[in-house]
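Chains: A, B, C and D, in written order; residue numbering restarts at 1 for each.
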């Protein structure tokens, strides 16, 4: 991999991490309220996978979706604004941290129902079969979502109709406070998708280059009529399930081990080895992100006056 | 103007929409090659190719894919074979479809139509007999229709397809092969909503919807012969519900209101209709509510008939009410 | 008599049932080792071993296995983490659990308890904010409770576990860490049902349930200071609902009825309460219904507050009502 | 296999078939009303599989469950009575053809929601883990039910907790009027269960001996703590999905081919080859079944007076 690519990926991952850390701070200060699910530690997925998507493609994520929205190119200011309940938020503060969308960037929304968005991606691909775009749809969900019947139905549905849908499972080993290994008998989650007829592969979800290459290859096959595919990204969250989760269910050893393999640590080591000033890079990105947060903080609050609009056409 | 029975009218409406609205898709279990378990979607697959297709027995994927396709600009029409089956995937209606426009602040929409049918028919089991419209009328963001005539079945479907929000259209399978009538199939699509004054009379206003409308009308005719003239307001749309028409009607009927529906009584939409009239100050005296007794539905027809309002119970109820 | 907050009371009730009713099981997502996402089931797993366990994120399997275990004589207590999540598996409540006793003509029963919590809390998203009790009160065969105090939370759970039918017990997470109170934890299990007269006064009867009860009581106290004395009837059980107590109360309050709930207004259970009073002839004049405006719930707290009845709206509404 | 066994199986299968044919006749005469799903052609499953169950075991079936109720030993008269709406029916006419139970015979009910009963079996096995019976639970559903998320959840749940549940999938190639091959990309349905960690096997569902042996083996393993298992029974229905379905979706060739492999034809040939008077056997069973129907027809109608009972305790 070229140093340029490495630096670009590190920068992109830092943008997500710095965004999330800024949200942490804004939560602490009381500016961001309520339940927030951060993707700290899982930045390689969106950075690698979103590159396979074109403008007319559609991405559907979960409540842990900030990184994916950023991955699709949604600007940070309206994202901050959304979480801050500002009128300038991507949904004017209606969505909030766990359920916003930014369709103008091909981000068709988070979803706070586990497994709830998988079939939406199937529908988006179905639409693409008829609207001339041949749209690829991608949906991301967690390891725990594999136990939700709706996900099984969505994968089978896409398989039957050969629709170009990529199902990405971010396996961070936990569903809320419960380890996935306790909730499945067979830990090879890819076999579930394979049984439905989807090419299914487990990859290092901490390496944006690996993610990019895998997803790009599957995307191409899907666009050419190969039907849906499944990718399991092995990754980890370095923080709690939600802000405030003190992670009593994890050992210090485990957290330390995760710290060694997490994407930014690895990419930083790689870039530093190629002579990149990673500290400067980090500071630069943090400044950019902080500026976006500042702007959003200065934005006007969501308008109560319009609260009854948009329920119906 | 073709002569069509109810199922023929639905079929014609679907055909028209598939022809005139290129964004439409039609799918569900057994709807394409088999033409639907009740034959309602017959031949559409032949004529519209892969825009009409059969699906796996996966209600969540059916509804969820419709939501996703609708978000991207399609106008899917999907079938849930029995309303009871909604319950394995109600999330896609209530948590998903209903939220999309509002939560995105109008940036997204989900113009899908879900066709289903409900209610009891002889010896249908408890899991194939429920009337579930109240689940949808309690869900802001959804539209709900429940026609009872071929013309309304046609009109409701066309209006639903042209409407920009998720609409649940609820048939009753006992209506599918009823009498034919001349159906206007070429009028411009109407906006959703509205109601029909099916009978006029001063004794009381009876509001009803769905298959039981026919029994209410027969009862009204029988009572008219007995000298009691009722106004019957049929409301094929429950959301938007034509409260205005009802409240106007109540002015002419002394504020005397009866509601008849097949859904079980407690928590049925009839209660809401009554409360709205009461809140509007157009109700007078005690209203009458006729619904199925709160119960599960037994398979044996004679048992079911003891719970679900039939001709005699409706007649006796309305007669006493009009007298009281 | 221990001093317990709401979550402590639920925990104590679960502990008592696990101790005294060997047939009980307790399971759901994150309820065992993590002790529940709200900490309500803390330590029970430690003390009751494999009768308390964590499950996959599979609501259909959670509820369905509870149905099956209950059919075989267990008394499972299972958790649906948020009421909104019922919607991915409502079939197991409405098509399955509710039918078992009736359809088997009493040969089988399904004595399960489903614990859940619902409603809005600051910045909860639209998919984590709904109040869905009306879905259950419209389902014959289910029992429904929605307490608001530690004592009721305790009593309702014990009564539900000893009851022989499927019971849905609905908490509100904003109550979990409220004030402690002395809770009687050793009384004999009471039958399900009943209500509490929380305030007495002649101006009107206000019926309410769930978390919003506290706002209604605060409002009643405020109004009492302003010279308007209301009767407040809290109904922790919605099925069976204590219509008798309400109707008796209305005799003392001139038939003036207000209902306050957090669920959205149209089709909420409040309408049913009003219609029953009207049908019973104990209502006088127009009632008042205060519920959330029919809407999806926006994440921003200030927006949500414009839709969900809060102290000011309840105060203004009840004040005007009492005056009118 | 001994001739005795062969004859016993043939007799047991004839009891089911004759029951179903009697129902057909009673439907034609208007005595049995409404939608009825016959299992004609699928008799080998219940005859072979129910032998693995003891009294305290629990079986959960679908609307196509008459044969399974009979397989568990439910007498024919109260079954006829149930479908005829008689007070003497197993559920006093509340259940009807598609949703009755006979718990006194370990038959915990049909289910008219596709996939709705699978998790009940999981619960029954869970109960058995705590009530001292160590109960085995068995659930039967069709090929089409494999696409229902609830079935996936049920299998995973049983697998995680190692519960003794046998999942039997009767693959009769159709879901209502739609062939299963059009509704899956990978026709090896066993792979779905295997991916969840269940031993999974596809067998000849037309041979009661094969079914018996397979199911007995899996039952034993499950009782010994091996956890759930999955069996796909390849079979066929010789009649429509429901009475009145004229099966326009099937060719005459296909129906003829099915007629050659269907269990009673095969068992009859086998028994006849061993010198059994299969004609006499058939007549004998038919007479027994007809007598039960006669008795049920003479039973009193379900009592309307009690229609409001049993909604609540």
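Here is the rule we go by: a residue touches a chain if its C-beta (ideal position, glycine included) is under 8 Å from a C-beta of that chain, and two chains touch if they have at least 3 such contacts.
Note that the coordinates shown come from a computational prediction; the quantities given were computed from them, not determined experimentally.
Undergrad: Stepping chain to touching chain, what's the minimum from subunit A to subunit C?
TA: The least step count works out to 1.
Undergrad: Tell me, please, which chain's centre (mean of its C-alpha atoms) is farthest from the centre of subunit B?
TA: Chain centre farthest from subunit B's centre: A.
Undergrad: Whole-Å distance, subunit A centre to subunit D centre, using C-alpha means?
TA: Centre separation, subunit A to subunit D: 45 Å.
Undergrad: Return the distance between the CA-based centres of subunit B and subunit D, expressed in whole Å.
TA: 36
Undergrad: Taking each chain's centre as the mean of its CA atoms, how far is subunit B from subunit C in angstrom?
TA: The computed centroid separation for subunit B versus subunit C comes out at 30 Å.
Undergrad: How big is the gap, in whole Å, between where the Cα atoms of subunit C centre and where those of subunit D centre?
TA: 40
Undergrad: Out of subunit A, which residues touch more than one other chain, so two or more?
TA: 94-95, 99, 111, 113, 116, 147-150, 153, 156, 160, 182-184, 311
Undergrad: Check each residue of subunit B and list the ones that touch at least two other chains.
TA: Answer for subunit B, listing residues that touch two or more other chains: 55-56, 58, 60, 84-85, 87-89, 91, 95, 99, 102-103, 125-127, 140-141, 294-296, 298.
Undergrad: Hey, how would you classify the chain contact layout here, line, ring, star, complete or other?
TA: Here the contact pattern is complete, since every chain touches every other one.
Undergrad: Going by the contact rule at the top, pick out the subunit B residues touching subunit D in the complex.
TA: Contacts found on subunit B: 29-30, 33-34, 37, 54-60, 84-85, 87-88, 121-128, 293-296, 298-303, 306-307.
Undergrad: Which of the residues in subunit D come into contact with subunit A in the complex?
TA: 147-153, 156, 159-160, 162, 182-186, 188, 191-192, 194-198, 227
Undergrad: Residues of subunit D touching subunit B in their complex?
TA: Per the stated touch rule, the residues are 32-35, 63, 85, 93-99, 111-116, 144-145, 147-150, 175-178, 182-184, 248-249, 301-302, 304, 307-308, 311.
Undergrad: Report the residues of subunit C in contact with subunit B in the complex, numbered from low to high.
TA: 60, 84-85, 87-91, 94-95, 98-99, 102-103, 125-127, 130, 134-135, 137-138, 140-141, 263-264, 266-269, 271-272, 274-275, 278-279, 281, 286-287, 289, 294-296, 298
Undergrad: With touch defined as at the start, can you tell me which subunit D residues reach subunit C in the complex?
TA: Interface residues on subunit D, with respect to subunit C: 58, 60, 91-92, 94-95, 99-101, 103-104, 108-109, 111, 113, 116, 118-131, 135, 137, 149-150, 153-154, 156-157, 160-161, 309-313.
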